[in-house]
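Multiple structures are listed underneath, in structure tokens.
Consider the two complexes below, in which chain A is the common component and chain B and chain C are the respective partners.
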Partner chain A sequence: MSRWRHPLLILAAALMLLPILWAALVSTRPQDAIIGARLLTMPSLDAIAANYGRAVTASPLFGFIGNGIAVCSLILFFQVLIMVPAGYALAKLRFPGRETLWGGVLLGLMVPAPVLAMPLFVMVAMLGLMDSLPALVLPWVVSSLGIFLMRQFFRRVPDEIIEAARLDGLSELELLVRVLLPLARPTLGAFAIISLVAHWNELYWPSIVVTSAERATPPFGVMLFQTQEAGTEYGALMAGALIIALPLVAAFLLLQRRFIEGLVAMK
Partner chain B sequence: MTQLSIGQLSKRFGAVDVLRDISLDVRPGEFVSLLGPSGCGKSTLLRILSGLEQADTGSIRLGVRELTGVAPSERDIAMVFQNFALYPQMTVRENIALPLRVRRLSRWRRMLRLGGAVAADIDAEVAAMARTLEIEPLLDRKPAALSGGQRQRVALGRALIRQSSLLLMDEPLSSLDARLRLQTRDEISQIQRQFGITTVFVTHDQAEAMAISDRIAVMLGGRIAQFAAPEEIYRAPASLAVAEFIGTTRLNRFETRVDQGGFLRLGPHALHRVAPELAGQDVTLAWRPEAFRLSGDGLPVLVRRLESHGADSFLHGECLGQPLVARLEPGPGLTAGETVRLEPRPEATLLFDAAGQSRPHAPAMALAHV
Partner chain C sequence: MSDLALAAPLSRPLPKGILLAGPAALLMLLLQIGPLVLVVCAAFTDWQLGGEAPNFVGLDNFRALIADHDFQASVLVTARYTLMVVPGALLLGLGLAMLLQGARRGRTVYQTIFFLPYIATLAAMSIAWQMLLHPSFGPVNQGLAALGLPVANWLRDENTALPVLALIGIWHETGFAMVFFLAALTSVPTELHDAARIDGLGGGWDRFWLVTAPHIAPIALFVLVVLTAHAVMVFDTVALLTQGGPGNATRVLLFVIYQEGFSFFRTNVAATATVFFLAITLTLGMLQLRLGRRGGAA
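After this line comes the complex of A and B, so read on.
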């Protein structure tokens, strides 16, 4: 089995990469080559300039990316702010209703996000937040997955460390920030990747609450751009798709070691 | 050096009485062990002393201060945990310095790592502590890079640096391997004397408790069964339960009855006279294996098996239909199958009444035959 492991993994990776490779090929060919399915011709500099130029000028692409960065980093910031103390309390503090709350977290893990879209939409609309940054951020700041991961992580921290800190005179906040958070970095890194990917690529929710290009996040913006402006300009469309994937790739490269450590630690 | 007084402390977990009416006075500078099997409440008592757990009733006084209701960090108590509980992401230096930083620097200066002159003092104290514990070369390492014995010293350093009035240790040797345990045991004892700090040490290992303590509180079933010097606990256990718990080998016990004349009888043998109020009562006689010597007019023992331990040898035999173990000096060769006479030394004879409490008897009177 181990002899075949690497070829199989390479094959799987190639299958995953194929659509991206396809997009890269399309984004570097002129329109007639794309329509004629002659993708294995030499890429032309003219076509690259035309497609990528069109991608960044025809729509406010960098505006979309800016929105995406703002939305994703705000979501992640508040998620961490909530999940760390919540996970700690669920793992290590004794208080009435703890098991019920934990049951709620598990339930939250099982409910698919689209199911909540309707009630969330009603709430956002009633609060008058349609087409705003809070509408994109607020529904996601409490992450069941994040609380779940942090609770599981904190449960593995020996009670004695927490008790030693109490005897040494650290406050609960200092204990959390100075002692426990540094230990949780791999888990936080893994969660950050999961959260960033999910919210960067989110299409469904923005399509419900965003109505203007000024507020559009990258995938939703590209979709707007496809239907309104580009029509069948596949080269430019693929160029735009590749550009909006870049920040995510950068984030992954930055966090990948922690991501892998975190996933290994989750076992 | 500060005195610790525990008065009538009780604690229940649900329906279980974990601690029942515990009273204990620890003298200034004394090293006291809480010794007992797991589940006897010794760790709970230690946690109540530290303030990590609350007692239901009772009082704890450290010096002149009542500690009930005082937060753990305000109790002037330091603790060494079983698994050392060092902060994994901090260096040895930071681990040892933390209790001082918390006490002497405001929260914001700590968070922002501003210290000034106070921080320089702390550094000097940490360096001095490291010198005392001989861990200077390790100061910039993290706990993961230390051996068990080194972690133990760091944990001790972190506890001692605050110069608390009371040091609590929860089985601090149990996570070390056997050889290191002996060495560390001696070091702890030496350091405790050097600092003169009143110490309460929890262990389930009687050899450890015997070797290290000024006095031992034997805890059984949530009570203090006996509180005395190690030698006294061994020589004069207060109850049958303590006698059975202390000692490396099995206790030889014989259920019998005191006759109306006040003589202790064992089968056809009358041993010595005991307190008159025991006349006619059921009692338990007990001897440790080393209580016997070969003698012409002792109890008849059928030799089943002999075991040589070098310096001495163990005789596994049968006396009055019951198994008996005796530790003898290697002497004339005995053989399995023969019957020898073993005389228990009167002063090593333990006598317990029907309730298992130790009863005085007259050790001067020798074994007599009827």
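After this line comes the complex of A and C, so read on.
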């Protein structure tokens, strides 16, 4: 077993990386080499410049990425703004309707986003919000998972800490912001990663409410890019796909342990 | 402050809990519960978006949907996809986790590489896969041809399109499964392994079945449920690579809902299919919540 461990691991790693490496290879070759399947020649700087240049000019790739950053950060901002007080209230305060709200959170955890897409689409259309930033952001500002994780976290905070802060004269809001929020940083970090990965990679909802390239998020931008005339210029297409995937992959490589722990925390 | 509130019961402010949880409750009602009720109601009407006022039609939509051959085919396609992806990703994830667990060197590097496909935007990676599988100059066919083996137009052939999408699904999900298995394997107490060795259980398989398997069984069940939930929701690869074709070979459930609801605007059909889809995902969600809570720290 142990003799085979590293050869097997290396083989698995190679297979996992194959699509990405092949895309990178193709993106550095001229079109005639790609079509002639003469890829094992030297990469040429001219081809690299031509492919990546074509990728960023044929469609607004940086616009897609900018939209992705705007959509993801707005969603995360509102999610945190809403889930922290709600999670705290569910964990530590008594108020009428608390059990009902908790039931709603658990139900929300089980309902996948695509199920809500149809009625949300009708709402977006009736409000005249098609192809707009609010249409991409608003439906996702309340996260059941976020409220769930915050509630579970705040339940583990000893009541004594909260009592002491109240005795010091802190209002409930000050208590949340100054005392509890710093404690919750790891949970918030884990949630931020789950939220960013999910919304950055999301294709279904944008493909429903976005109709123009100006509003396209990265995955929907890939779809537009693929169906354009540039879609048969394979070097440029691969360059575009790599540029689209790069931001999240770079963030993952920088923070990889946090990414993995964050996604496991979802459990 | 609370004394003041008690002293003036007539002007008592709302409980703090309501102020803090109110926005969340309101938005959940508006963005989740409301839409959920709407979609279920729409399934019992003849409503078409932009059409006339809806009429109640009882179970007609459900009867029509269940009798519809295209819909039956799409349920079957989704089931076949799921039955390929889930065991594939589960077993490969477990295998990689077991290989990694004993590795002294390079563990972090391997873990990063195996997890990368789960992070990398699947829509973009689908394009990369399309290149690998290109019928005339993709390396897959080039390699097969060089070995004298038959080649195929993988994404345009009714027999291969779905298995190929499943392969991409396995590629995408294996690292995700591996991470959970690795966490579980690392938590197997070493005393258990030592005890097994003293008891004379030398062989790897014996020890796996008697020591490791019972310990990771709850996690395996959890991963199974989550992978199934992911698989029945497959959309990105279908939208980018096959559009449900060739024929109906890769027309999965979510793609049917997408076409009916947002291309053909047959709102009631999409709503009915959504309710069907909801029943599946709710069942999986309930299992996931139960299993996750049992295995989790909270």
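As a working rule, the second predicted complex is superposed on the first by the 220 of 267 C-alpha atoms of A that agree within 3 Å, B and C clash if a C-alpha of one lies under 4 Å from a C-alpha of the other, contacts with A are read in each partner's own complex, and residues count from 1 in each chain.
Basically, a residue touches a chain if its C-beta (ideal position, glycine included) is under 8 Å from a C-beta of that chain, and two chains touch if they have at least 3 such contacts.
In this text, all values refer to a predicted model and were calculated from it rather than measured experimentally.
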Touching partner for A:V179 - first (chain B), second (chain C), both, neither: first
Contacts of A:L129 with chain B and chain C, given as first, second, both or neither: neither
Partner chain in contact with A:A70 - chain B first, chain C second, else both or neither: neither
Partner chain in contact with A:V222 - chain B first, chain C second, else both or neither: second
Partner chain(s) touched by A:M238 [first = chain B, second = chain C, both, neither]: second
Chain B versus chain C, judged by how many residues of chain A each one touches: C
Chain B versus chain C as contact partner of A:A58, first or second or both or neither: neither
Chain B versus chain C as contact partner of A:A50, first or second or both or neither: neither
Shared chain A surface residues [contacts with chain B and with chain C]: 171
Complex contacts: residues of chain B adjacent to chain A: 50-52, 72-73, 77-79, 81-89, 98-99, 102-103, 107, 110-111, 158
Chain A to chain C touching residues, read off their complex: 1-2, 5-6, 8-9, 12-13, 15-20, 22-23, 26, 34-37, 39, 82-83, 85-86, 88-90, 93-98, 101, 104-112, 114-123, 125, 138-142, 144, 147, 152, 155-156, 171-172, 176, 197, 200-201, 203-204, 207-208, 218-220, 222-223, 226, 234, 237-238, 240-242, 244-245, 248-249, 252-253, 256-257, 259-260, 263-264, 267
Complex contact set, residues of chain A against chain B: 158, 160-161, 163-171, 174, 177-179, 182-183
Parts of chain C lying in touch with chain A, wherever the complex brings them together: 1, 15-18, 20-21, 23-25, 27-29, 31-36, 38-39, 42, 49, 96, 99-100, 102-103, 106, 108, 110-129, 131-132, 136-137, 139, 142, 171, 174-176, 179-180, 183, 204, 222, 229, 233, 235-236, 239-240, 254, 257-258, 261-262, 267, 270-271, 274, 277-278, 281-282, 285-286, 288-289, 292, 295-296, 298
